[in-house]
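All chains are identified by letter, namely A, B, C and D, in their written order; residue positions are counted from 1 within each chain.
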Amino acid sequence: MSWFEQSIMARKGVAGGKALSTHSITEDTQGSYPYVYGAFEKPVLTVDPGAVISAETHDAFEGKIQQETDKPSEILNFPYLNPQNGPIYVNGAEKGDCLAVYIESIVPRGPQPRGTTVIMPEFGGLVPTADTALLTAPLPERVRKLHVDVDTGVKWSDRITLPYEPFIGTIGTAPEIEAISSLVPDYYGGNMDLPDVGPGAVIYLPVNTKGAYLFLGDCHAAQGDGELCGVAIEHPTVTTVKVDIIKNWTIRSPRLENEKFFMTIGSARPMEDAVRGAYRELIRWLSADFGFDEIDAYMLLTQCGRVRLGNMVDPKYTLGASILKSISGASR
Amino acid sequence: MSWFEQSIMARKGVAGGKALSTHSITEDTQGSYPYVYGAFEKPVLTVDPGAVISAETHDAFEGKIQQETDKPSEILNFPYLNPQNGPIYVNGAEKGDCLAVYIESIVPRGPQPRGTTVIMPEFGGLVPTADTALLTAPLPERVRKLHVDVDTGVKWSDRITLPYEPFIGTIGTAPEIEAISSLVPDYYGGNMDLPDVGPGAVIYLPVNTKGAYLFLGDCHAAQGDGELCGVAIEHPTVTTVKVDIIKNWTIRSPRLENEKFFMTIGSARPMEDAVRGAYRELIRWLSADFGFDEIDAYMLLTQCGRVRLGNMVDPKYTLGASILKSISGASR
Amino acid sequence: MSWFEQSIMARKGVAGGKALSTHSITEDTQGSYPYVYGAFEKPVLTVDPGAVISAETHDAFEGKIQQETDKPSEILNFPYLNPQNGPIYVNGAEKGDCLAVYIESIVPRGPQPRGTTVIMPEFGGLVPTADTALLTAPLPERVRKLHVDVDTGVKWSDRITLPYEPFIGTIGTAPEIEAISSLVPDYYGGNMDLPDVGPGAVIYLPVNTKGAYLFLGDCHAAQGDGELCGVAIEHPTVTTVKVDIIKNWTIRSPRLENEKFFMTIGSARPMEDAVRGAYRELIRWLSADFGFDEIDAYMLLTQCGRVRLGNMVDPKYTLGASILKSISGASR
Amino acid sequence: MSWFEQSIMARKGVAGGKALSTHSITEDTQGSYPYVYGAFEKPVLTVDPGAVISAETHDAFEGKIQQETDKPSEILNFPYLNPQNGPIYVNGAEKGDCLAVYIESIVPRGPQPRGTTVIMPEFGGLVPTADTALLTAPLPERVRKLHVDVDTGVKWSDRITLPYEPFIGTIGTAPEIEAISSLVPDYYGGNMDLPDVGPGAVIYLPVNTKGAYLFLGDCHAAQGDGELCGVAIEHPTVTTVKVDIIKNWTIRSPRLENEKFFMTIGSARPMEDAVRGAYRELIRWLSADFGFDEIDAYMLLTQCGRVRLGNMVDPKYTLGASILKSISGASR
């Protein structure tokens, strides 16, 4: 028996975490790719809990950066960036529920070199930006086009090859009344750029509006902690997820479960507020579902909590706080 | 041949990273334990490069919190906290050099329960503090006294035991003209509370003044990322280090090397500035010593850099940014 | 001749800053009050440049808090807060233009006590919030209902009366593709809570989408710097503004002009980024339109720039940076 | 009767705020100017409460930048910056007391052009710095030497003259056990760069150690809010202050009183923490000495508090929060 059968998704989901139907979203059936997370967008697919959905994702630049001589500032047209698949309307999902999304697989698609990373003006962790506005000149633009392959990884240079460790950079539900750019991460998910959101993980998302409106896109072939220059190894994929609903499980921000740990995810500025948000939510989780009192959980996480930096470049920074199942499962 | 023989300390140190003499600092020979990092303090020991030094460290509360009914706010006397061993004067160290410190071992000492963690007012990551001053009431104080043992670990509760994973919470050199509280981390080291500073690692510290003035203390038996409530499993130890000098290697902030990776350490507020500082220093290192151009290093770390959160509770937050030796060593 | 005739609005506006038509938005003609800034909302009024518009604004709680025994957490229904008038579609406004809004008057309306301020959970500058998530308990809720009058001011207590110094807390245009909560301030204006946005001032707003879509509401009878507890003296009003378009004047964030100074407005977290954004925009303005070189403007503002803190409680903090007309007008 | 006779200094000071003796510190009697705040420094003067002291201050560069062709990065020798007068030992001052310092006058001295402002690398509010470490290149260095005169002001250019509005950039007491660079502002005062600290104001400083150890220096001829590029109009002066002790008035950070308002001063990063610290201290003051309950003070300051930005460039940012005497004096 795999760990998944003991997951919250499998134990509490309306469909018991089981695969009950299969669907696909191709470039054609998607049509135009949305750039905002909101229930204003018309669903491209409506499914029941238990649906397995394969989606043809674009890279964050919609494939427009094709060679190393391209100039991002001339090709890209802000705010039309980070195109998403969806929204997917999930029958039965209502405000106050939780949408569980198990990530089955991410497979690269399209011709080589299919990986892209760039330096562009006013974006990145070590340069002046629109948010941290300074007077000094930007770095020169630079484009790298890279060979990306499941087996051979990401070829950086003659000497350096990075393993293919794909994940979903942007995934979430619609806010209740807003429509927010897919460049933003927040309590509903969005552009978290957190490498733990990869194959084999379940991400739990708050349902803010009837039907949940699941969006996803922006898959990365590899990414370091922080996504330092702002652009990971972006690439187009076929991404397959399974969705389920956990009724009346009201969470304030995304949570994640995999074989090893439970994680909560915070997005905020400054960065300490993102960590605070993640850790407080983890304490509340330990307190609500694992038999800890809040102060005991606070003191225990002081000794064994783990923090993963997702991005330090988006409009909000994202970090995950986690505890090993071997510890939390033991309870107090 | 161990990795250490290929370390920067072994290759570039005046003593070749070798053990040439042995010394000890006991509670008696230490006498009073300093609470500031500065060259105003009189050295308790003077050594040559190649010295191996064993020091009897106190816990951060100087052993004053002895039972779970103790009330930290009544017992502790701010700013007389976090007592240090040292300073150790290292012959031949001059401003602009680097002090290399290999951590050989950390062994708990003293009667059980020798581990201590507490909740105290105005301190911690999820409460109002002196720095983040709010109007809401503090949490109630709480003290945990814990059995700490090398083999059996840290006994948290009947069901939860954490492994003994010790490290040095506070270590550094004297600033050039200042004397700074041992509660503070900064460019010279200090109260970084970064779990990577443990046995088997070399930490590289900037020498700011003749003799370097090495201080260390505040060893933790276990700690999670961020040291969330502000107090890890504090415990008294015998800590053994080996010191060497790398002449004319001028670094802006602490660096670390172990078998697996190279790390730079940043301390600042807000937290993003600590990450920026660490990553920029890593880029400069890759550029100066590993044959990368700065922009290439920036883009590469975007794909494979790793970030470890040390503390999110001290006057400055501390994070380490690292790259695997398997990648950096391959160069471009 | 008044200063207004020399204002940018009067000199560059399509309508020359003149009043060419008059309009009103009553509670009836407004119908439902929007809670988001976005072009998804249907305009309640369409006007030409030169329009003078009087709008019946609600207070930020839509009048639901009526007595001091009311409990905000029970009455208020997040995110349905901060109802706005509009949107107003302005003919001829296109992306890249600037919408100039001269604030003619703000007059309180409705029965006494018509002023409201409250303490509510998880909101305010000196308490844990959703963004700065801590474990400590919130402050007890409290409601003050206050007599507000143009002539006699705001009666705080038997001994303390504050002058009536009204301004528009929330005003802005629609983002290009998003629909953002009216609780948020950003580059398009929104919930800035900056007391300078009052009668006698012109605010310049970026036009992000055809028709501009002007929203406004949330008028305050008095407010200190920072809007410390999160809720100023909220009150319903009749607010009268005059609008004009400045073609092809592309600004990145709101600017303001009154008899005495030119101001740029920044909204961001952490607070230093809001100041940076405001000051950089002011430097660019001085450089583009007043004959300064950027570095000279930077050095001059170091000696004479002024900063006003609007809010330190909203999802982004807002500050204005300004320079006296007596200085900037003198040029170099 | 002047307002000063009703000041806290005059009402509660050991010397009743009166001038009982006069002293001077010349360049000669000062000898070497200290660069740290700490009780390690030997006092250059010992006085009783009621002492009036005139000190010959240097500018922040100790007069080394003499012409516009000078290059700060070559001339300045970090950390030997911001030389101070003092320390002055005040008889009778003990930990837990308050040192009251009335600023009588600041008069420029030395040959013209005696004012200096510069752009230097890694320092300033709109550039990458040691704290906000980025990869982009610094601005080119620039030096301005300016004519500074009490009557005719600061001549910026042919068209722009700024009024002479001098204040003390750096003033404070020694920390209890530390010795901190005079570039830093904190709870004991230091490099606050807050323009309200000028002639006619009383600044109240916490006494942390026997004798208080008063330091001062770094007078500015003019400065905008934030000291944007990091360097105001620096100039040498004769600065005259009167000191007194208020026994057992324990304050956590500097406070200020002038004819119009009471102010508390906070220094921290990020900037919101400096405002929080200042406002919380003001609430505690209103609660302890003016008959307000804390929550009422919190709500009242929301409506009428004022915030002044001192610096946004030093190792901690400094802001003052104030309330008009006309309001606070009326009490509730």
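By our rule, a residue touches a chain if its C-beta (ideal position, glycine included) is under 8 Å from a C-beta of that chain, and two chains touch if they have at least 3 such contacts.
Being a predicted model, the structure only gives us computed values, none of them experimental.
Using the contact threshold fixed earlier, the set of chains in contact with both chain A and chain D is B, C. When chain centres are defined as mean Cα coordinates, B lies farthest from chain C. Centroids of chain A and chain B (each the mean of its C-alpha atoms) stand 33 Å apart.
With each centre defined as the average position of its C-alpha atoms, the distance from chain A to chain C rounds to 34 Å. In chain B, the residues that touch at least two other chains are 126, 132-135, 139, 269-270, 276, 280, 283, 295, 298. Those residues of chain C lying in contact with chain A across their complex are 35-36, 38, 40, 79-80, 130-135, 176-181, 252, 266, 268-270, 273, 276-277, 280-281, 283, 294-295, 298. Residues of chain B that touch chain A in their complex: 117, 119, 124-126, 139-140, 142, 144, 154, 156-157, 159-160, 162, 222-233, 269-272, 275-276, 279-280, 283, 295, 298-307, 309, 312, 317, 321, 327, 330-332.
Within the complex, the chain B residues that touch chain C are 126-128, 132-139, 270.
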